[in-house]
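In the two assemblies presented below, chain A is common to both, partnered first by chain B and then by chain C.
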Partner chain A sequence: MFMEYAWLIPILPIACFVIVGLFGKKLHEGGGFVAIAGAAIACIFSVLVAYDFITNGVDGIFGAPFVTEMKWLVFPGSDFVINFGVYIDGLTCIMLIFSSFISTMIFVYSIGYMGDQGEKKPRYYGEVSLFLTGMLGLIVSSNFLQMFIFWEIMGLCSYLLIGFWSFDHPEAKQKSSAAKKAFLVTRAGDVCLMAGLFIVLYLFGSLDYANIFNAVAIEAIAATNPELLTVAGLLIFGGVIGKSAQFPLHDWLPDAMAGPTTVSALIHAATMVKAGVYLTARAMPLYVFNSVNGEAVLLFIGIIGGFTAIYAASMALNNFNIKKVLAYSTLSQLGYMILALGAGGFLMAHGYNTGEEHLVALGVLGYMAGIFHMLNHAFFKGLLFLCSGAVIHATGTEDMKQMGGLFSKLKVTAVTMLLGSLSIAGFPLFSGFWSKDLVLEAALHAGTHGMTGFTVLFVMGMITAFMTAFYMFRMWFMTFVGDYRGTEHVHHESKIMSAPLVVLSIFAVISGFVIFIGFGNLIADMLQESMGFFWIEIESGMDIAISIFTNIWTYVSIVLALSGIGIAYLMYMKKSVDPAKFNKNGESAYYKLLTKRYYFPELYDQISWKLGYGIARIVDAFDRNVIDGTVNGLSGAVIGGGDVVSQMETGHVRDYATFVIAGVVVLILVFAFIFIGGI
Partner chain B sequence: MIPIELVLGFAALLFCTGLYGMMTTNKALVALMCVELMLNSANINFIAFAAYNVFADATIGNIFVLMSIAIAAAEVAVGLALILNVYKIKGTSSTDDLTTMRW
Partner chain C sequence: MEFILPLLLILPFVGAIITLFMGGERAKYAKFTALVFSVATLALAIVLMTMDYVTMGMSEVWIQTDFFVMNFALAVDGLSILMVFLTALLVTVVVIFSFEEGDRPNYYHTLLLLMELGLMGVYLSADYFLFYIMWEITLIPMYFMISWYGGPRRHYSAIKFFIYTHIASLVMLIGIFAMVFQAGIINGGIADFSFAAVAAASPMFAETFQVLVFGLLFFGFIVKMPVVPFHTWLPDAHVEAPTGGSVLLAGVMLKMGSYGILRVCIENFGYGAIQWQWVMIILGIVSMIYGAYACIAQKDLKKMVAYSSISHMGMVLIGIGVLSQTGVEFAIFQMFAHGLITAVLFMVCGLAGHNIGTREIPLLGGMAKMMPKWAFFMMFGFMASLGLPGLVGFVAEFGILYALWEFIANTEYMWMIVFGMISMMLTAGYYLWSMQRTLFGDLTDKIDFETGVHGGPVHDISKYEFLAMTIMILLIALFGIMPSLATDFIMPYAVGLI
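Up next is the complex of A and B:
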């Protein structure tokens, strides 16, 4: 009974966008409370829709998708129709709830954090509301085209918000170039996605989820046209690489820290990068039922995810910018999610192709792990970013070398950030612990049951877990313990900023327990009923917990996480181990490589300079010389010719008479030649 | 009867006289007179062909000439008025000096 009105969910924030955009200057706090109200109502509505979906099902079938559509574009003479509608299943419910909830928290926090922005406030609240519209609209979309529209709205808003300070700000130039980078790099992925959607449209004759996620249809196409289906899957994943900042299009995300910290929190926790993971999860049937190349594509997805996880984590190890450390950790955690989806999908595909049902069950577990990690990550990363924002707000710097000893001054922030760090590090019973172990388990199973490549990715994931624990606690110790190294006066924390931190920290700690209340069943029902998967069986939450605690690797990962925390403790709190010994005072080649971010920004620059600028110059030269030359030459010839010919006009009547007579004589001669000569 | 060739030859001579005057003179009045000469040579041709025509009614040629003379009268009236006005404004009627309308 609420699901029929689910289309209202994205309407609410966009209404706020309009209100704040038009009247923001007259509203209290630049329309901040309107934005909060919009997000909060959207959140309540999302919960109601999810409750309705989970308790009632659709027509009595639990997990079946709820679809309402209206015709948007009808092409006369063909039965092809583009719809605009709402598609609700388990994944939609999960995404709706956490996106709107975390956005609400971030908006509340923004009242404190952006309080000193004056005239810029309406712009901020308008843009974040539109951003939320993009995410919620993308989640409830019922077809790929509609999803793509909201996908691009988010791309636009990320550009606007990352470049929020690109004027009237001392570092405006650097901010605006970061915004441009984010926009252009994600654009590279978006072009891939659009090409992928064209192929999907060609193959299926429709972009509606309800028509595409059909095992029979996909298998029929895989039998007749496997190459195109594979290319479509890869291109769609290309969009994910751009949006979710996977290697090699990852480099925009660290630079995106140029925006306000609340925007970073929004991009990393609630929206934007989560859209890529969502799309991978959503498009999973296209990979799994592609019996010819599906396993290879899923292995590729897993490799991209696993590699991004360890690669990004390594860059967080020696960074001194508190926001950049968190940005790299987001990249790394997104890698985990993609790895889990790749491994889970691989197991499912392998199980279908070989007929081994227990592999499908393991695959579903891996798939669930990816979404589960996304949910947990949303809470703890949102929390961590808001905490870092509180620290930056108090000290006026992002450089951790200027911090230290803030525990006594920022008690709430310190404690909540500690909880967030424990979650992301995978400390037992905290949320990150559950999902990370499930992710790693999925990679391990994929390795042992099919493709040994996944075993390598599993080992990389383990190492990443260690590195995550180390850099998070390095950050925490550097920020909150020891002596204060900065010069600025430390401001006190305000209540409006602390309250969201406390709420989020509670969720960051307990969100892992959702697997005990039917999270797995929600995903499994969705896969079975919405996406046409079969042979689904999911273990209950308790069984999952038992399998986690009876798995030897769980203890290995716990030990790794604890040792990471321990090493960080020794290095940055007790100072009994000097980090300078390992990096030769910042002179070692690897340390430099990390500070240069593996020369990737330079590579981007080189590509854009050498390739982009080179092509632009060639085109420019062509334009100036060939096209302009032709046009100018033609006009010059006409003008010059006209000048020359006009000299014949003497203005003397007798000359004109001469010309006329000469013309008549010539005509007579010609006619005489034709008629008389012809005879 | 005078042979038609003589009449046509006279008309051609008259036309060439007018043409020669037109091409050589720099006086607007003379040019106008030369135009009249050429027009009248054409009229003579009309008359000649009408008079020597044995197959059809001769009146059509004569009527055409009357028409042509009427138009010539009108043309002269306009032309003279123009020349007079030009002379009033410019102080000359020499066509060599009246070249302001060219490029």
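Up next is the complex of A and C:
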């Protein structure tokens, strides 16, 4: 009964956006409480919808998607109908709940964090509300175009919020440049995604999930037009690379930290960047049932994910900016999710192509791991960003060299951040532990049962796990232990900021246990009933746990995580190992390469400068000299030479008018003679 | 209800006459007269949209000789109805926007209303002679608009605009004569200038004749659109034209070109269109990319927007060129969408010149602090123009590029969709870059905010300007969220054409 009204979920925040936009200045806290109310109601509604979906099923079938649509646009030539509607299945429910819940928490936190922004508050709450509309709208969309619309609205809000301080602020220039970079780099992905949608629309005659997720239809297309289907899959993944900041379009995300920390937590960690992962999960049938090239594409997806994971983690190792460390960590964790989806999808595709059901089961586990990690990451990374925000709020700096010894002053923050760090590092029984190990297991299975490339990715994932533990605890120790190195007075924690931290930290610790209460079944049912997969089965939560604890690699990864924490402890707490020994006091070539972000910012600049402004200058010169020069020259020649421009400026309009009229008369006469003579 | 169509011409004409004689003391009331007449025209246009407008055509013999018949014929269909609405809307909005115009306001409004007369005439006429006359009528008020109310190089620009588009009109006129007289021969002697008579004969046009005459007419129209390489009059005209003139020039006058291609070329020359198809597509693509690149290099905000019009009109040409129902539908939709969006863009640019004193991007910076309302409209307009989903431009862009893709999907030219992608990237690039440099960053120190340029301090927009732009952005959002409001008008025409 709630599902019929699920379209209200994205409507609520946009209503808040309108209210805050129109009356924000008069409202308490610049409309902050309106935004909180909107998010909270959306959250409650999401839970009700999910409850409705899980308990009743649609028409008695558990896991079958609930779809309601209306016509939005019709393409006359081909009779394509683009709908606007709501599509609810297990994935939708999961995404809805965690997105709206974390948004609510972050909005509450914002009351404290953004409390000193004065007149800018209505703008902030309006934009985050609009953002939430984009996120929730994307999740409930019933087709790819609708999803794309909300996808871009999120991109707009991301742009606006990264650039929140892009004017009337001491660092306005750098902030506006970061916002522009984020928009343009993700736009490169979006453009690919749009082209991918063209191909899907062309091949399937529809963009509705309900029509596309059909194994028979996809296989038929794969048989007749495999190249186009493959290209479509790759282009859609191009959108993912942009939005989820995967290599090589990853470099906008570290810069995006120019926005307020709440925005980084909300948009660039917990929700928006997950949209790419969501899209990969959603579009999975297009890859899996592409029997010709699907496996290769999925290997490619796995490589992008696995490479981004280790590549981004490396840049977090030596960064001193607390937000940047978390940003690289986000990139790295997103890479894990993409890797899991690639590996899981690969196993499923391989299973279907060879007829081995047990591979499909392993694939489902990997696919689930990707979504599971997305859920856990949303909690612990949202938490970590908010903690870093609390630290920044207290000390007034993002530089960890100016921190240290904050444990005594920021107790709640320190403890909750420790919980978050243990979670992301994969400390046993914390949420990150479950999902990370399932992700790595998926890569391992894909390696042993199919393509050895995945084994390499598995090893890279293991190394990443070590690096993650190290850089997270490096950050924690540098921030909270030792002596305070800053000069600014440290402010106290406020309750309104601490409360969301406590709530989120509880979820960050326990969210891993959802696999024991049917998380896997929800995903498996969704794959089977709404995405057209078959031979779907999944082990019970207990069996998954047993498989984790009977797997030797789990213990290897625990050891790696603990040794990462240990090394960080030795270097930054006990200080018995000097990190300067390894990087030659920051002079080693690799250390510099990391601080330069592997020269990617320069690469982007060069590309946009050469391919954009460089060609533009040529076009402009050509336009002024060649084309316009010809026009002016021609008119001069016709009218009789001389400096035409100056003549024209003296205003001999009558002369030209005479000319023109004489011309008309002559032409009319000529044609009249020709045609009338013809009669 | 046949009187509605002629009334759409009569109302602006009467308004123009009245304002013309409101000199001296009464000049300050001219704006109210103009507002009344433009709102009445707009109301009439909206009433027309709700009616069964296709059946409302009228035709009276105007000039008749033994050889030819010229009619005063008016009609409206799915192609023209949105253009009629857009014309009436933009004139009204411009009147509101320039409510504080102090320089010879009576003549200003006379010119606006005369322009409305000409534009309405172009979109309503159902006779080639009337069409041509109306086409020429639009030139004259625009010429005076630029040369009386324009910037420092207004005379050069006005003359360039006049001569350039006039030469194109003449070539078009040759095409029209050729077409009408040929139709007359086929129909049995008397050359009837009405659309219907030509349409009846057009299937019998010989193939070479079709290709030739299509070319003549096509040239006439693409200069108006304008299409690269016949576009250089446009940036010059825009840079010098006053804001109201620019809005009408880009908002509805450019559409005369694409309207003409559909109405005259495509409707009458089926074979010619197929022969010219690739020329249309390639010229469209060239305009789209070339215009976008030219935008990046511009330093004048208004010149940048002018080049962006070239880029977006290139898309219209692509949509027409693929000769499919989808292509035509979204080409018309893009004409409408671009009209709405570009009005906001030119208002914003005009305000930069008026309220700040300069439109030079390098001189600006951090203006969002000084002029938050202006900054909001600028961002909204730029976002709409770069095809932000949820706004009207996206639907048009998506439809046209999809139509292009559908056309090339099964050919070896599949890769050409890359041009669409490049143009989307470039468009986002120049808009974001220019916003970064004008609105954001540190507040510029190159402008004296206290004394300003026009005698007063730099100030944000007035309430009339706010109202005018608010109307436009509400419509941009409305048609973006519910594009079927517009496509329902277009679809019958697109389906009937191809």
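Some observations on this one:
Just so it is clear, the second predicted complex is superposed on the first by the 620 of 679 C-alpha atoms of A that agree within 3 Å, B and C clash if a C-alpha of one lies under 4 Å from a C-alpha of the other, contacts with A are read in each partner's own complex, and residues count from 1 in each chain.
Assume contacts are C-beta pairs under 8 Å (C-beta built on N, C-alpha and C of every residue); 3 or more make two chains touch, one makes a residue touch a chain.
Keep in mind that what you see is a predicted model, and the values were worked out from it rather than measured.
Look at A:K180: by the touch rule set out above, it reaches chain C but stays clear of chain B.
Using the contact criterion defined above for the overlaid structures, shared-chain residue A:A616 touches chain C, although it does not reach chain B. Contacts of A:G633 after superposition: neither chain B nor chain C is touched.
Of the two partner chains, neither chain B nor chain C is touched by A:G205. Chain A is touched at more residues by one of its partners, and among chain B and chain C that partner is C. Once the two complexes are overlaid on the shared chain, A:A195 sits against chain C while remaining clear of chain B. Touched by chain B in one complex and by chain C in the other are residues 649, 651, 653 of chain A. Within the complex, the chain A residues that touch chain C are 71-78, 145, 148-153, 156, 159, 163, 166-168, 172-173, 175-177, 179-180, 183-184, 187-188, 191-192, 194-195, 198-199, 201-202, 228, 608, 612-613, 615-617, 619-620, 623, 627-628, 631, 635, 645, 648-649, 651, 653, 656, 660, 663-664, 667-668, 671-672, 674-676, 678-679. Taken together, the chain B residues at the contact with chain A in this complex read 19, 22-26, 28, 31, 95-96, 98-103. Those residues of chain A whose C-beta lies close enough to touch chain B in the complex are 646-647, 649-654, 657-658, 661.
For chain C in complex with chain A, the touching residues are 67, 153, 155-156, 159-160, 162-164, 166, 170, 173-174, 177-178, 181-182, 184-185, 189, 191, 228-229, 231-233, 290, 293-298, 324-327, 329, 366-369, 383, 388-390, 394-395, 398-399, 401-403, 405-406, 409, 417, 420-421, 424-426, 428-429, 432-433, 435-436, 439-443, 483-484, 487, 491, 494-495, 498.
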